[in-house]
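Shared between the two complexes below is subunit A, which has subunit B as its partner in the first and subunit C in the second.
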Partner chain A sequence: MKLRQGTFSFLPDLTDAEIHTQVQYCIDNDWAVSVEYTDDPHPRNTYWEMWGHPMFDNPDAAAVVFELNECRKQFGDYYIRVIAFDSSHGWESIKLSFIVNRPKDEPGFHVSRDEVKGRSMRYSIKSYATDKPEGRRY
Partner chain B sequence: MPDGSEKLTGKARYSAGVLEYKKMGYWEPDYEPKDTDIISLFRITPQDGVDPIEAAAAVAGESSTATWTVVWTDRLTACEKYRAKAYRVDPVPNSPGQYFAYIAYDLDLFEPGSIANLTASIIGNVFGFKPLKALRLEDMRLPVAYIKTYNGPATGIVVERERLNCFGRPLLGATVKPKLGLSGRNYGRVVYEALKGGLDFTKDDENINSQPFMHWRDRFLYCMEAVNRASAATGEVKGTYLNVTAGTMEEMYKRAEFAKDLGSVIIMIDLVIGYTAIQSMANWARDNDMILHLHRAGHSTYTRQRSHGVSFRVIAKWMRLAGVDHIHAGTVVGKLEGDPATTKGFYDVMREEYNPQSLETGIFFDQHWASLNKMMPVASGGIHAGQMHQLIHYLGEDVVLQFGGGTIGHPQGIQAGAEANRVALEAMIFARNAGDDYLQNGPEILARAAKNCTPLKQALDVWKGVTFNYESTDAPDFVVTPTTS
Partner chain C sequence: MTKDSITEEKKVINKIDLHAELNETGVEQVLFDLDKSLIGLDPVKTRIRETAALLLVEKAREKLGLAHETPTLHMSFSGNPGTGKTTVALRMAELLHKLGYVRKGHLVTVTRDDLVGQYIGHTAPKTKEVLKKAMGGVLFIDEAYYLYRPENERDYGQEAIEILLQVMENNRDDLVVILAGYKNRMNTFFESNPGFRSRIAHHIEFPDYTTPELLDIGSAMLDQLNYYFTKSAKNAFTEYINLRKKQPHFANARSIRNALDRVRLRQANRLFKQNDGPIDAEKLSTLEEVDIRESRVFSGGIDN
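Up next, the complex of A and B:
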């Protein structure tokens, strides 16, 4: 299973040069770019761990790619994403978010069904990997 | 048009009998609209021999205080304030016999927070008025004081994206086809395949409610099975617009509650349920963290013809007040009506904080939106992966692109169709961000992406050259004249 979150998950994995083009686009739009990582890929896991703060006032995509590679050294078997924040009024949220690193093996998710009254169903989705404690999942 | 006030006052004004509307005070060429006035712009086509100024005054009169004859009871009221005032009449460029009439209405003429009241005044009585051949409401300026009486879209574009965890690209959807006849079980199959293949949303069609072939509860149950399975297969948040349109509010609330209990992120209503029902459902959506999709079913009966009816830009403004999150607004390149400049105007009304006057896109007034949430436009009808560069160019990033036939009609099946659309979209957004001239190089960008994606290659082959090039009936009256510098 390939985790399809993020803007470019249906394209072949991006090279560092390709990541650079997208980061520079964000910087040129005055968005602050950030690197985040997790070993809990649940679609509603909003808060991935921050590899430092968003890089405000950074004019050069190379600095982000450098930080990404530092993050990979420590969390090479985690999901890592690049995320860009737009602080303009009326948005003040994320403008672009894409995965730049994946675990070698992605076991995917299990759907559990809780049959409730009538034919109704309560669904929940669980990552197979998160059965194990944080840090020992991939 | 040069024409001074002919307003009568005192005894001459209030003697029993019939007076021209312009003499009753509904034509005030020197009137300066107040910041708190609602302004309407009508396109009027007077009957032969009818003075356009008298026609404009009549529209002002009949959409505010007037009746066909003088009534003494006017004198018991602050009638000067309550009279709508036509203050400007211009000939429409290149359209003999048509005039733009600007009419200002005092804020006190309207109940706060009621589209039904607003429309009962502005379009309630005047469209069948005999001295006019035709009448069209082209645009409205809504004062901030009035906008602040509405809650606006329940979710808005930004929060919708945060909830779906989807940023930086248009959302992708598909309407389940065939529109009618699928059983709940078969219907859910289409939903599952399309979402697993790469779409964010699937959608009920406007006329899928609860027919003999598929009861609504069955549809909801099978669709949510499909949504959850697809979500697990991809690790993404997925949704399907469950259409809760029904014969009564009670029934709609019942269906909406069931959709919520099953964990749906989005429900859908049709424009034909009426403005009050839409506002009620928007309140429900706000209370239940639900995204509210509006299908503009029926709108072309009054929006399409340029001479008569209500422009869709006005409907879009009303719907932003009423509080829907999604609204169908045209594709430019697809099978349904949509001139590029006019469509841009609609999209701007939905997505911007402030619309400056822009006659070339049909926006007649500066419009502040007072931080009301933004609506996500939905482009649906006859579009396919091969048009991706044009779609992004014309429609931008904050839009739902709905490929119904363009997903389900794929030669290798629905999943392949969905994947083709998603890969085409991501490749085009990547190229745009990387600084490529994607509009010019669109076909090559798609061909390159297709090398890694057989479904995209097949889609491009099947729908190569499918276009819908017909002249639009609803185009702006003002065109940009290129200037030499």
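Up next, the complex of A and C:
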């Protein structure tokens, strides 16, 4: 099951040239771009590990694509995303976030249904991948 | 646009007007500015023209669907201090940007300190950080030979060189590296790092300026500041340049700038001392012979 999180996730995977164009758009808007990775695809897993530092002072997107490829070398079968943080007053949050790398095999999620008090249902989801410990999931 | 229509369009173009191309890119303007604002440096200008022509032809070939390869654009500038290496590098960045060979066209100037770390494991991230900053533009490494210190085999400079070479090769489309420094030391540097020599296609030498050229440079500098020499002052300054050139640590245009700064200082001092009523713009912008003659150079001393 292909993970659909963030912008462009219903499109085919972006090529490096397309990533470059998107990142350049972010840089031109003065957003701080960073690369993040994780092997826990749960939608509530908001904070992923950051690869290196946020790249504040690179005027060209080639730097981000370069770091992304470095990250892929080490975490090729993790989820990797690019995030763009807008620090302008009143926004101070992520403006754009999209997945740029995913594991070859994505097993998807298990929906568990708990019958609780008064026969009402409580649903939760859990990735099949997270059965295994961190670092050995994909 | 579909794929078919793109190939069709390619077939239609079978002639390219190089001069129209030249005008379109705005390169002509940069070359013209270069000619006008930089005095002397004829071999350098010729090389830059040649390079620009090659790049334009390469672009035209690409448009016609002929075999083409992004040429290696890494350069080395060698010459004495003050011969305009940094200034030309700045123009080069602009030129390459207009020709579409670098995306942003900014210039990042670094020296050994910015690339080499102080302890183990510090160098690689530092060098990479600089390289990333320079991507899309031009990286100018001043006094590049300091990167290589053969007398200390544990020097971290070697590590910076390796990363530099790797990125120069793999990210050729992303950045252009210009190495600069004195001629002799650059030659030794290239001899001991053959990898660098083969990765750099353009070796450009910056000649020293002649006295009339230096005088022109001086006048141009004064012009910008709204100052001018009297006729006798001009003669005195020519004499000054001739004397100064024979002294050690002569740094071409930079020495001229420093000399002019001191001349202005003396002029201001003279105006204060004279103290004869209100003065006009004319007096404020005239540099007299005495302002120059007071220099230590005329009495055998050394100016910087």
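Criterion: the second predicted complex is superposed on the first by the 138 of 138 C-alpha atoms of A that agree within 3 Å, B and C clash if a C-alpha of one lies under 4 Å from a C-alpha of the other, contacts with A are read in each partner's own complex, and residues count from 1 in each chain.
The working rule: a residue touches a chain if its C-beta (ideal position, glycine included) is under 8 Å from a C-beta of that chain, and two chains touch if they have at least 3 such contacts.
If you're wondering where the values come from, they're calculated on a predicted model, not measured in any experiment.
Novice: Following superposition onto subunit A, is the placement of subunit B relative to subunit C best described as a clash or a fit?
Specialist: fit
Novice: In the overlaid three-chain picture, which partner chain does A:M55 touch, first (subunit B) or second (subunit C), both, or neither?
Specialist: second
Novice: In the superposed arrangement, which partner chain does A:G108 touch: subunit B (first), subunit C (second), both, or neither?
Specialist: It touches subunit B, and subunit C stays clear.
Novice: From the CA centre of subunit A, what is the angle out to the CA centres of subunit B and subunit C, nearest 10°?
Specialist: 100
Novice: Which partner chains sit in contact with A:P43 here, subunit B, subunit C, both or neither? Use first/second/both/neither.
Specialist: A:P43: touches subunit B, not subunit C.
Novice: Contact-wise, after the overlay, does A:P12 reach subunit B, subunit C, both or neither (first, second, both, neither)?
Specialist: It touches subunit B, and subunit C stays clear.
Novice: Of subunit B and subunit C, which one contacts the greater number of residues in subunit A?
Specialist: B
Novice: If we overlay the two complexes on their shared chain A, which of subunit B and subunit C does A:A63 touch? Say first, second, both or neither.
Specialist: Second partner only.
Novice: For the overlay built on chain A, what is the smallest gap between any CA atom of subunit B and any CA atom of subunit C, in Å?
Specialist: Between subunit B and subunit C, the minimum C-alpha distance equals 8 Å.
Novice: Counting contacts the way the document defines them, which residues of subunit A are shared by the two interfaces, the one with subunit B and the one with subunit C?
Specialist: In subunit A, nothing is touched by subunit B and also by subunit C.
Novice: For subunit A, which residues are in contact with subunit B within the complex?
Specialist: Contact set of subunit A toward subunit B: 1, 3-5, 7-12, 18, 21-22, 25, 41-44, 46, 84, 89-98, 108-111, 119-123, 125, 127.
Novice: Enumerate the contact residues on subunit B facing subunit A in the complex.
Specialist: 158, 161-162, 165, 167-169, 198, 217, 221, 224-225, 228-229, 231-237, 261-263, 353, 371, 374, 419, 422-423, 426-427, 429-430, 433-435, 449, 452-453
Novice: Within the complex, which stretch of subunit A touches subunit C?
Specialist: Residue positions touching the partner: 55, 57-63, 66-67.
Novice: What residues on subunit C touch subunit A, complex-wise?
Specialist: Residues in contact with subunit A: 103-104, 106, 132-133, 135-137, 171, 174-175.
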